[in-house]
Structure formats: structure tokens, C-alpha cells
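Notes for the one structure printed next.
So that you can tell them apart, the chains are marked A, B, C, D, E and F in the order they are listed, and the count of residues begins at 1 in each.
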Amino acid sequence: MAEDERPVPGQRYGRLGQKRPRSAFFWEAVDPKWHELFQAYVERGMYRREVLDQKTRELCAVAALTVLNQQGALGRHMLSALDYGASQDEVIEVVLQMSVYGGFPATQAALNTFRATLAEVGEPAQRKG
Amino acid sequence: MAEDERPVPGQRYGRLGQKRPRSAFFWEAVDPKWHELFQAYVERGMYRREVLDQKTRELCAVAALTVLNQQGALGRHMLSALDYGASQDEVIEVVLQMSVYGGFPATQAALNTFRATLAEVGEPAQRKG
Amino acid sequence: MAEDERPVPGQRYGRLGQKRPRSAFFWEAVDPKWHELFQAYVERGMYRREVLDQKTRELCAVAALTVLNQQGALGRHMLSALDYGASQDEVIEVVLQMSVYGGFPATQAALNTFRATLAEVGEPAQRKG
Amino acid sequence: MAEDERPVPGQRYGRLGQKRPRSAFFWEAVDPKWHELFQAYVERGMYRREVLDQKTRELCAVAALTVLNQQGALGRHMLSALDYGASQDEVIEVVLQMSVYGGFPATQAALNTFRATLAEVGEPAQRKG
Amino acid sequence: MAEDERPVPGQRYGRLGQKRPRSAFFWEAVDPKWHELFQAYVERGMYRREVLDQKTRELCAVAALTVLNQQGALGRHMLSALDYGASQDEVIEVVLQMSVYGGFPATQAALNTFRATLAEVGEPAQRKG
Amino acid sequence: MAEDERPVPGQRYGRLGQKRPRSAFFWEAVDPKWHELFQAYVERGMYRREVLDQKTRELCAVAALTVLNQQGALGRHMLSALDYGASQDEVIEVVLQMSVYGGFPATQAALNTFRATLAEVGEPAQRKG
């Protein structure tokens, strides 16, 4: 990913997520030195390696968090996937595909999280049914 | 994905996987009627919906199977990702990213699986170190 | 299971579950074509194979969902187990047995789900204590 | 379950399992006092409560261990299910059903364990394919 | 642990937990005979073996429950760790370390549980940030 | 932990582990830049924060890896716990305690890993039975 595709600092989850507190702020309060370690590994490390584009990274995050049943982080990464250009259909498709590897209850819980997260940030759900 | 991008029947995992027995053959032997249900849902259903390209689907599968610690299915989907055009670096990058969501032991076990799977099908590992 | 033991379409979870929205309705809204794939695999496929009676199937679902910590699907299958003739004691017994394979916290979370689900559908809990 | 349905001490997993070392023997060597605690909770406690018959208990164990990806304990409980009167088809059916709750890789790994366990005790697999 | 270090019966989680219902009371109501089995294994068995001191036991419980995503039991054991002399910093440190083995979302969910549990019992959080 | 308690670089898992290849060597070969990120977070970051002593950290690692069913990393951290002064009894006690939170199959698989790991490095098991 070229530098200019990357959201400027402080605007990650910009389009949607700016309406929502970033989780890392709480971590900063818990332990600032650890927060620095976390940011060096994740934010400035893993997410800037450029082997994969950010949209693919976020779809893979949605995949993993769906089967791990980690709803809090899942909602944030669903927003981030939208921020990096994924459509709602693409996010849902990853969630539906996860039924194959992690079972239908994981898919259903993730769909509920997507619906609740979109509602929380005031983004209309684009349903087909 | 356009029809002509899709491997012809019997050649899935073609480039690498043809040297390796397809898991579904065993399932067919266990219960042919159930195997038909499985194929209708997964092979002819989920994997032909075309909302996501097949390479992205396989990278998402690698993501989920890494954090689920399901090494058998993981090895097959790593080959499938290569078949659909992912580079070894891209497969490894998904595995490294999974340390963020599922921990370092999951990443390490998946790297071992990738190395063993490449060796099994006679594909040289493209290391950087 | 003989045909006449099976609830008529639309009445699954009839005795208790009719007071509760079926999860599948939401899936239908999300993506009708995928909902059809799901129903073909699960509702018309897996749950009609008749190798196991439906009560045993539902107790096995309660077992799996307890150790998977999937509370939403667990509550629905607990109701379904009651629908197919399991007693409250039998549902609880499966949950208690799961402490052996999945640990006591999984058992306790599932007991809380059973209590909340019974309350939601207005079914009195038959306690012994 | 009536008393006379229960295998006599030392013959649990009698028909098949007697050809196989009981896992508990190792636990006894590790720490005899803890082994006594374990037996009081599991063997003389949980497995003798008689709310569920032993065949149903073992099928529920197979369900849980399949989705937990615990292959060692799974193989032993598959044998125990056969000991208590389950057919090979019923054991397989529980494993196939688990694809709904825990995903297809869990089902496939469990089928491999069933095949390997039957081979280990010299019991022919009754395949349909 | 010497006998006099052990909380008297009914005062477990004394300093903080006495403001909070003990989970076991509910289990007693569900099935008194099973509750007795549970207490013999866990309360009078596992937690009185004295190979490890109680503070280390509770920190190990916090470790396991963080990566298992079992928030209910996690909150209770966090209080118990404080009861047995762990500082808030030590509890948080175990949770931060768990990011290595179980991923950052597990750590974050556990930090949220710690904050909510402290608030519930009226204990001020000792933040550094 | 004071500086002088910490093993010198290259001697981590010194007493036992030096007979065993360090996992990180493979990671270095896979991607040296990522290996540097990993070391900054885990080796030079998380494991040098000194809020907990190293023995407690390693026992917490054993706890987490037991319930996560990650046998490869578990074996290495069991050795590391011994390196930092834990007795074999203390390592086993953590594993036995994990039956409470993660179930008996996780405990049993971890005991098998401990036995195999001790054998691999030529350390006699100190059994009580």
C-alpha cells in the first residue's frame, strides 16, 4: 500500500470509527509503557508491512475474530474494513464463509455484531432481503 | 470471479495439490449422502458466490484456520491460496498478522504447517533470512 | 425419527420457541440466497438424516455449544431440546457433564443461559435446591 | 441406568478399550492424591448420576471433544460410546452434525481420529462408500 | 499455604467479593448433589493442595480465563487474586502478558472485565496513565 | 526481577533448553524484519517489565498454553519454568489446576507434553506414584 492510501494518524476508522472511541485510548490509560510496546508491534509494525493491502488485512481480521468469538474487536475491525474500501457485502461474505471453518453460531454472532456496530455509528445496513 | 478463473473439476489445488489426496475423497467414503450435502453447501455453494475473489477467500481461510489451530485443513488451504495466485509471502503475512488476534503460538504452529506442507508437495520455500 | 415426530414447518421450537423470534429470519434478511444454502445443509439436510433421534441431536448440540461458549445458539437449542422431549433435568445434566471436557466456567455460563432463556419464554425453572 | 448395565470396574471400554491402556493409569502415576480427586468427581461422580443413560453421555462427550479439537480424549470416548451400545453410524453422525456448530475442519479431524482409533484396536470400519 | 492464611468459610473473596454473590450459591440451587461433587473437587480438593500458594493459583486462573474468554469467572478470580494479596498491577500484568499467547482481543476484553468488576465492588482502579 | 537473575542472551532455557533448538531461530529465517518486531514486543518488551517475577510469568504461560491446547509452545515454556526455578511438582500442579477452567482433556494432553518434553531433553521425571 502506498503511503498516501494510509489514513493520517488519529483518523484510523475515520469515516465511521471517528464516532467511536478507539480502544487503544483505554490501553494507554492502563499502562502507557505497555501501550507503546503494543503500538510498536501492531500499529507501527504489523499494519505497515505492506505485503498485503489494508483492505485484505482487515478482511482477514474479520475472519479471525469471527471464529474466535471476540465481538468487541470484531466490531472495530468491521468498521476498519469499510474504511479501507470493503463493501458491506464483502464484510458479510467473509462472515458467511466463516461458517465453513468455525460453525454457524460464530457466523450468526458476527452478523449480530455487524448490525449493532452499524447502528452504533449511524450507518444504514444495506440489506438484500 | 469469472468462470475461466475457476479450476476445472478435479484440479482444485491443481498446481500443488494434485500431488496430494483431496480430503473430500475420505468424506465421500464415510457417507456419500452427507458428502453430497457438504459439496452443495461448500464447494458448489459458498465457494461460488463470487462476492470475493478466490484468492481473498483462501487468505481468509488461512486466517481462520491459523487461529483455530486446525493444522490439517490449514495446510490444504495454504496450497489452495497458492493455486489462486497468492505468493508465499502473502500466505506467511496472513499467518504473521494472526499473532495479533490469536497469539504467537498459533502463528508459530501455522508456520510449521506451511513449511511441512511445502515440503510434502515438493515446493521450495522462498525464505528471506 | 418417524415423520410424525417431526414438528411441522414453522413450528420448530413450537412449545417454547414460538414465543421467540427464530434466528434464521435474520439470516434470510441478510442474504436470501445464502439462507437457502444454509437451510439445505442444516434444516433440510443434517437435521433430517434420522440416524439419531432429534432429542439426542439437540442434547449433542447443547453439549457442543456449552463448550464453545456460544450462548445465543445455546439458548435456542436448549429450547429445542425441551421441544423434542428432553426434561429440564436432562438439559442441565448435559451442561454439568460438560465441566469434565470444557471446564467449570463453561458449565456455569451455560446454566446462566438456561435460566435466562427459560425466563424469557415464561417457562418456570424446576429447581431441586 | 440400572446398576447391571454398568461395566464392572476395570472393564470400562471393555469390548474395545481393554486392548488399549486407560489414560487414568498415567494420571495415577503423576499424582495419586489428585487421581483420587479426579475419580471421585468424574468416574464415581459425574458418570454415575443416572439422569442420562451412558450411551447418550458418551455421544455428548464425542460432540464436545470434536468441537474442542481434543483428539486423544475423543478417541477414547468414541470407543466408550461403542462399548455402551452406539453403532459406528451413530458416532459418525454426531461427528458430522458437529460441522454445524464447530465447522468442517473439526468434523474432518474427528473422522480421522475415529478411523485411526478403530484401526488401533483392530475393529473394522463399517463404511458405506 | 498455611491453614491460617486461608479465608474462613463464607469469606472467600472476603475483602472485595463479600459484596458480590458467590457463584456457587446458584449451583447449589440447581442441583445440591452435584454442588457437593463440585466442592469436593474444586474447593476442598484442588484449591487446598498447597503445592502452589493461593496468589499464584489465582494469577494462573486469571491467565487461563483471559485466553478462554470466560468473562464471568474471570471477574471473580480477579477479585480472588486481590484477596490473596496480588496488586492491581500484578493482575493487569498477567492480562497484558496473555496477549502473547492468546492475542490482543483477549487482553482487551479482560481489561474491560477488570475495570467493570472493580467498579461493581466499589474498588477504585489504580491507573498509571 | 533483578538484572542478575535474568539468563544471559543465548542461554534462555539454559539448563534444559540449550539441548533444544529455540523456536525463534525458525522465525528469524522466515522474515528477519518481523522477527525483530516480535523480539521487541515479547523478548525485550513483555518479558522484561519486572512487575511479575519470571517464574510466575512462566507458570502463567503454562496455564494459558494448557487451556489453549498449544502443545509446541507449552513444552518450551514448561522448560523455561524449570529454568526459572519452578519444580516439576509446581509445573504439574498448574496443569492439574487447569482442569477446573479448561477441562480434563486439556490437562491430560499437557501432562503428555510434559512427559515427552522431559524425555526429549534427557531430564528424569520425578513421579510420585
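Simple rule for what comes next: a contact is a pair of C-beta atoms (placed from the backbone, for glycine too) under 8 Å apart; a residue touches a chain by one contact, two chains touch by 3 or more.
No experiment lies behind these values; they were computed from the predicted model shown.
Colleague: Can you list every chain that touches subunit B and also touches subunit C?
Modeller: Chains in contact with subunit B as well as subunit C: A, D, E, F.
Colleague: Using C-alpha centres only, name the chain that sits farthest from subunit B.
Modeller: E
Colleague: When the contacting C-beta pairs are counted for B-F and for D-E, which pair yields the higher total?
Modeller: B-F
Colleague: Please identify the chain with the largest separation between its CA centroid and the CA centroid of subunit F.
Modeller: Of all chains, C has its centre farthest from that of subunit F.
Colleague: Centroid from C-alpha atoms only, then distance subunit A to subunit D, rounded to Å. What do you get?
Modeller: 40
Colleague: Which whole number of Å gives the spacing of the CA centres of subunit B and subunit D?
Modeller: 31
Colleague: For subunit C and subunit D, what's the span in angstrom between their mean Cα positions?
Modeller: That pair's centroid distance is 23 Å.
Colleague: Check each residue of subunit C and list the ones that touch at least two other chains.
Modeller: Touching at least two other chains: 34, 38, 41-42, 46, 49, 65, 67-70, 73, 96, 99-106.
Colleague: Enumerate the contact residues on subunit A facing subunit E in the complex.
Modeller: Counting only subunit A, the residues touching subunit E are 23, 26-32, 34-35, 38, 42, 65, 68-70, 72-73.
Colleague: Along subunit F, where are the residues that touch subunit E in the complex?
Modeller: Checking each residue of subunit F against subunit E gives 41-42, 46, 49, 51-52, 56-57, 59-68, 70, 73, 89-90, 93-94, 96-102.
Colleague: Spell out the residues on subunit E that touch subunit B in their complex, using ranges where they run on.
Modeller: 67, 99-106
Colleague: Can you list the subunit F residues touching subunit D in their complex?
Modeller: Subunit F residues touching subunit D: 69, 92, 96, 99, 103-106, 108-109, 111-112, 115, 127-129.
Colleague: Touching subunit F in the complex: which residues of subunit A?
Modeller: Touching subunit F: residues 33-34, 37-38, 40-41, 45-46, 49 of subunit A.
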